[in-house]
Structure formats: structure tokens, C-alpha cells
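Have a look at the structure below, then the notes.
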């Protein structure tokens, strides 16, 4: 069975390493914070000016002056720090934030990502995504493998305006975990419980490498 | 010997604003926006302006109020997703829009204030943001040349300020305010609390008063929350 | 969930320093210099190093100690006027020296930490600082292209720090420390007071802990004053 | 009689305008702070990280952590603020510091200044001087008109390595006040008490314009 959004977040959480500073995008990536394994210390960066972002506040304790990049009210962990937007992106551009997890509309074989614009239809802006994908050492994408019409979003070439090129390292979809190979193309790493390799192959338009037995994710 | 930058109210603070000018407005979403200055721009019906602001408010608050009245000719922003009227005006071509990466926006404002006319950044390389911009490789990685931004007026909002124009922001209401304060030819700061020079700790000031030309105590802050997210106790 | 960056002492903090490396050292004159790290570099006789520091200490303190032992191969500084041994080694050609404008030095360190590989500045145009550098006009004024600086280790000194690496500096002992903290591959912070994460006000931190890899409580600060100037009471 | 250093500082102090942020170089310029006329509010910037620098501390109140760009112990005025070197030079390069007063070894007809290096003999470094002269709207130089050998330091062309080009607006020497004309050359504005126009002419190597009666400075 395909993963739900929570499971995608759970699976991505296993990629987070002890001591990392992590930026979580809006949507599924935000959920990753809930599933960091015990013993793994990470600090979450919110590009509007927080390092050490904590969970949502208790009701009645919301502070309009303390929000995350998704404009949600949040709290601070012990040791947190607040700063301006230039300092925030100095952290990002300077590769001090080691891991970026974000959503995508499309990813291509060479790791290009499109997630900010559908020409003539939807233009929300790129926000901090272009800085993030141009900078972080490791970029993991959380996304659906195909759109509602069943068309693959894991492509040979992106069709939508790009957010960044040659940057995505790993993709976790509702069907599979894929690595983006340095030489281009996707490599199947794991499959969702009960999802066959054939199913994933069919849902992937870009070149897919399958080597040996592909393990099933365990939750 | 400290400077005295205090003006009586928002009307005086906006002395000299004119149609067609370029404004910078601090804030991220509705957090840390100069509510009083925006209200006064609405009241005066200043129009044909270019606004540099990370977001464009929501339909009925923040810069959305100016959009609603068609006072804005051009927006320079990074994310405008919370504003239907914005999207409508942009897609119909009524509104000029320059969307730029958030980090580049912040750095371009800082550069404008810091006398750095241009700098290289990797953000946006290979995307439409890079169109028409110089590309240069550093350490094997392509970067694009981005230029400084400045404004006729910068409107910023701080938590505390003193009579010499020194400012302290609260939490994430800081965001773009410090860089925009640097980049305004005239920077107008509205603050929740205004104290005499000497009362703020000199070691703990976020925006030095040299960047601020006028300061006043703002009134009636609404501080609307866009996404009120909470967790359950227990 | 806060990171834990504390190391036991300066010996551990300097794990991995090697001959021939590039170091950044905070401080302006003898104000805000990492006294403990410098003493340890002297003790270990680390040599052939490049030091990026605004000044070079005085003959018998600060970086002057390393100069005296011929541990420094190259200095990148803006002002070295208080050090006779420095001037001697430089004029005799024993020491390579790259003198750059103070503002460019500060900005180049910041750029190194902020992922900005290069930027334009008017400082030094028309002087020997501009030799071999690209010149470009912006708004009718010539500027030169300056590149980012980074270091294998950055040694900074703060007043207070917490276990997560967050730092607060005191008065003008801040100077170059924050930018150098950003630009070190490994940044070592020595502090006068070390407190648990959570004790410093998150709104009042000068260097976020993300820029600091190791932190320790320094000992025996001498804090020598170069020019003790006073006025008479009355 | 030629001005002494204190008088040069006193004379320069008259050029300071109400509301200006001013950077004072080492030496004579530092003395200017003592002679700001009543009713003129200015704030002094010290490029190592102070705005609102005050006088020297009382004995026993020196703080090693609070010095000026000349490494002298200082104090803070009410409303002062402390910051890092990058912010300090953002103020300078961004032209927020409106007036710079500094010393010079030589100034040329087109406003070039040399003050940081004597090749093979003296190399102290430029410190913040290159940023300051490349940036400030108004730059006033405090200097001796001639060196000890009697050779003019007000020149057609500088002979020493330059600190900045085309930047000096006004010079106050022990003999005279000179403006640097936009088209190049010096214009005599005032002379020191008892110093003749002829004397100044002889001590000036660069082109000197003298129009009408040249007033004598009054102290």
C-alpha cells in the first residue's frame, strides 16, 4: 500500500543525522520534526529567523511575533536563537544548514527540481526554496510519485519552471525511496510496503536503475 | 549629544511620500509589518508605487489593503501565496511583479544599505530568475550576479526604540526589518515602545539609529496571526 | 534537542590544527582576541600558517607571540602599526603580507561565511589594493571585485556563550569575531562565561550557535590595554 | 602664526553640521570632538564598532573591552550603540556616516589622498581609511602644509601610494583652509592668523586659486 503523508515524513526522518541543522519546507516536510529517532539531536531552522524551532504552542500561548516560515505559530527549544533574514540566508547559502527537506511538483533525472510556479495558473513565488536548493549539501524531496491523473512527477526533464538544477539527492514518495545518481537517473532504494517494483517502474518516467532485491520499508 | 529622531505621529513620519515612489516594507507574512505606515499610505491614497516586501499581505490586511485599492504598480517579493487579489492582478497583467529568491531579497536590501552595489549568489542559477543576469563560476559552482536594492522610503516596525532611532525587534518580527532600515533613503521606524536615548543596552541593539531618520510610537497594533496552530495540553 | 558543543579545554578545542593551515583570529588590536587559542598555538609551535586578523598584536602579546616565533608564513590584515617585529619581517621579506582595507576584510569574512563568493566595493579603487582586480562601474562610480575569505579554523573570543555555541560579545570586543565565526570550517569559541543552553535570551545573541563547532571556557584573560587614555575628574 | 594641532582641530570643528554622523581618524582629527560648537548635535562613529563614542574614561574606569579605532580607552554617550566590523563598514560604505575627518601625508589637485604607506620604510596598513575615503560624502583632511624639510604636501600629483582617488573635499592645514575644486586644483578659503597669501602660495605645490580678499581665521 502506498505511504500516506505521515509515513513519508516518518521515512524521511530516518535520514536525519545526529548533530544536523535542518530546514523543513511547508507541508509533509514539517511533519518530519515529529519523527526524529531518539538519541538523534537536531536543530530546526526556519528561514524567517529561528534556529531551534520547537512544536506549536499550547492554546492561549500563541505569540503573533513568533511564527515559522509557513506563518504558523511556533515555540522555541532551549538554546534557540532568533535573527534577521539576511543572517538566516547566510546560514543557508553558507552551507551551515546541512539538510533541506522540501516538497516538489517535479524532479528530473539530473536532480533538477520544480516547485514554485505553474505558468499562467499558479504563481506563489519561490520564497526561500531557490536559496535552499542552491546551497544545502543534502536535499531530500518529499512528494507524490504521480499526479492525480496518474502522470509521473519523477521525470526525464522537468516541464515546469525550475527552482534549482542538479541539486536533489534523494526522493521519498508515497511509493518508494529513490536516490538521484551523480551521473543522472534514479536508483530505487526501497519500496513502500506491498508496492511492487513493477508498479514503481510504471510510475517513473525518468530512467530508473534497479539493482538486486529492493527491500520493503518497515514501519 | 544623541540625535533626536522622534516625530509626533505617522502623518508627520510620512512627510514627503509621493506617488510613484519606491518603498521597502519590513515583515514576513503579517509578522513585523509596519501597520501604521501601511494604514497611512492607504489613507493618503498614495499610488503608482513600487513595493519591496517579502510578501504582499493577505486580502484584507497588510499590503493587501494597498493592492485592493490598486495603489501598487509593481511588487518586488519572494512569496505571495496568501493573497488571491495579488494573484488575480498579476495573472491579468494589472500588476508588475518581480519575484526573487528570499535570501537574495534579504541580501540585496542589505547590500543597498551597505554600499555593496552587487554580489554573486548561487540562488536561482539555471532558473528564470537568472535570465539576463551575468553567470560566473566560483570554485566550480555557477553563481549569478545580483544587484543592490534601495528605496525612497523604508517602513519598518520594531518592538522597542529610543529617541536616537536605535531599534530592538521581537522574535521573528525582526525578519527583513533590519536590512530594509539600512536601505531606505528615509527610514521610518514605528515602535511599540519608545524610550529615551540611553535606556536600551548599547550592546543589545539590532538596528543602530544611524539607519533611522524618523521614529514614532505606533498605535492600535492588530498583529493578526495568519496560521494559528496549537497543540493540546497533556 | 539543542546541540552540545562544549569541549573540556583549549587543548581539545584545537584538535586537528596543523602546520600550513589558514586561521582567522578575531579581535581589534588586543581587544577581543582569542588569548587562549593563541597561547595554545604558541605552545604547539604550529608553523607555516596564514593568519587572517585585522591586526598582528604587539611585540609581546597577541599574534605578536606567533610572529616572534616565526610561526606565521603569511598575514592578511588591515593595520599592523603596533608591531615592530612585524614591520621588520615584512620589510625583510621573511613574512608575506596582504594588506586590505578594514571594511573589505570584514565583508570578505562575512561573505565567506554567507556563501557569497565575491562582491563589489568602492574601497581601494585607484590604489594598489585594486591591482589585478576587476573594476566595474555601478551608478557612475568605479568599484573593485573582492572575493570571500574562509579559514580551516576560526578562533573567536566572546563574553558569554552557551552549551549550544550561541555567543554574546562585550562592547568593542565584538569587532571581527562574528564574521570570522561564520567563515571558519571549524570555529572555536572561547568565552569568559559558559552557561547552559536556554539561559541566554534568544533575541539577544550575536553569533548563533550554528556557526560554532567547539566552545570552551577560557582562563587567565589578561585583556591588555594598548592605549590607556583617561581624563581628569572635576 | 601657523596653527598648532589644537587650532587645526578647532577650525575643522566649525565644518561639522548639526545631525551629522562623523568618523574621526587618529591624531589631530580625534581632537575635533573637543571643539564641536554648542547647539550642534553630532554622533561620533568609531570603525571598530561604536556609534555615539564619548570622551576618555575617568581614571580607574577604563574598560579593556571598550576602545576606539586608535586603541584608546573611551566611553559611550547616551544613546550609543555597539556593533561588529561588518556593520560598522556597512554604515561607512553605505554613506550613512556623512563626514570623515582624517590625516594625510599628501593630497593632490584632484583630491587624491596618500596616508598609509611609505614604500620600503613605513607600512602600517590602511586600516579603515580606504573604505572611509571611498565612501563618505564629505572628506576633510587635517594635515601640515609642508613636511619638516619644507616641501609641500599639497601637490599636483601624490608621490606616495594612494589611499583613495578624487575624494578629499577640504583641507585644513597649519597655514590655511583649502577647498579641492570639483574640476581639480585647490582654492584658498582662509589663512591662519598672520600668515600671508604669499606664504601659502609658496608652500603649495599644486595649482592654487586665489580669489579676492582671503579672510584670516579667528579663534
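Things to note:
Lettered A, B, C and D in written order, each chain numbered from 1.
Throughout what follows, contacts are C-beta pairs under 8 Å (C-beta built on N, C-alpha and C of every residue); 3 or more make two chains touch, one makes a residue touch a chain.
Just so you know, these numbers come straight off a predicted model, no measurement behind them.
Listed here as common contacts of chain A and chain C: B. Remark: among chain pairs C-D and B-D, C-D carries the greater number of C-beta contacts.
Centroid analysis (C-alpha atoms only) places A farthest from chain D.
Each chain gets one centre point, the mean of its Cα atoms, and the points for chain C and chain D are 28 Å apart. One simple way to say how far apart two chains are is to compare their mean CA positions; for chain B and chain C this gives 32 Å. One simple way to say how far apart two chains are is to compare their mean CA positions; for chain B and chain D this gives 36 Å. Averaged C-alpha coordinates put the centre of chain A at 56 Å from the centre of chain D. In chain D, the residues that reach two or more other chains under the touch definition are 82-83, 89, 92-93, 135. Counting partner chains per residue, chain B shows two or more touched chains at residues 107, 110, 114-116, 121-122, 169-171, 202-203. Each chain pair that touches appears in this list: A-B, A-C, B-C, B-D, C-D. Residues of chain B that touch chain D in their complex: 1-4, 110, 112-116, 162-164, 166, 182, 196-198, 202-203, 205, 208-211.
By the touch criterion stated above, chain D contacts chain C in their complex at residues 46-50, 55-59, 61-74, 82-86, 88-89, 92-93, 112, 120-131, 134-135, 161-166. Touching chain A in their complex are the following residues of chain B: 28-32, 54, 77-82, 87, 90-91, 97, 99-107, 109-110, 121-129, 159, 169-179, 206, 223-233. Taken in their complex, chain B has these residues touching chain C: 107, 111, 114-122, 136, 138-139, 143, 147, 168-171, 202-204. On chain A, the positions that touch chain C within their shared complex are 19, 21, 36, 41-43, 45, 51-52, 76-83, 87, 89-97, 135.
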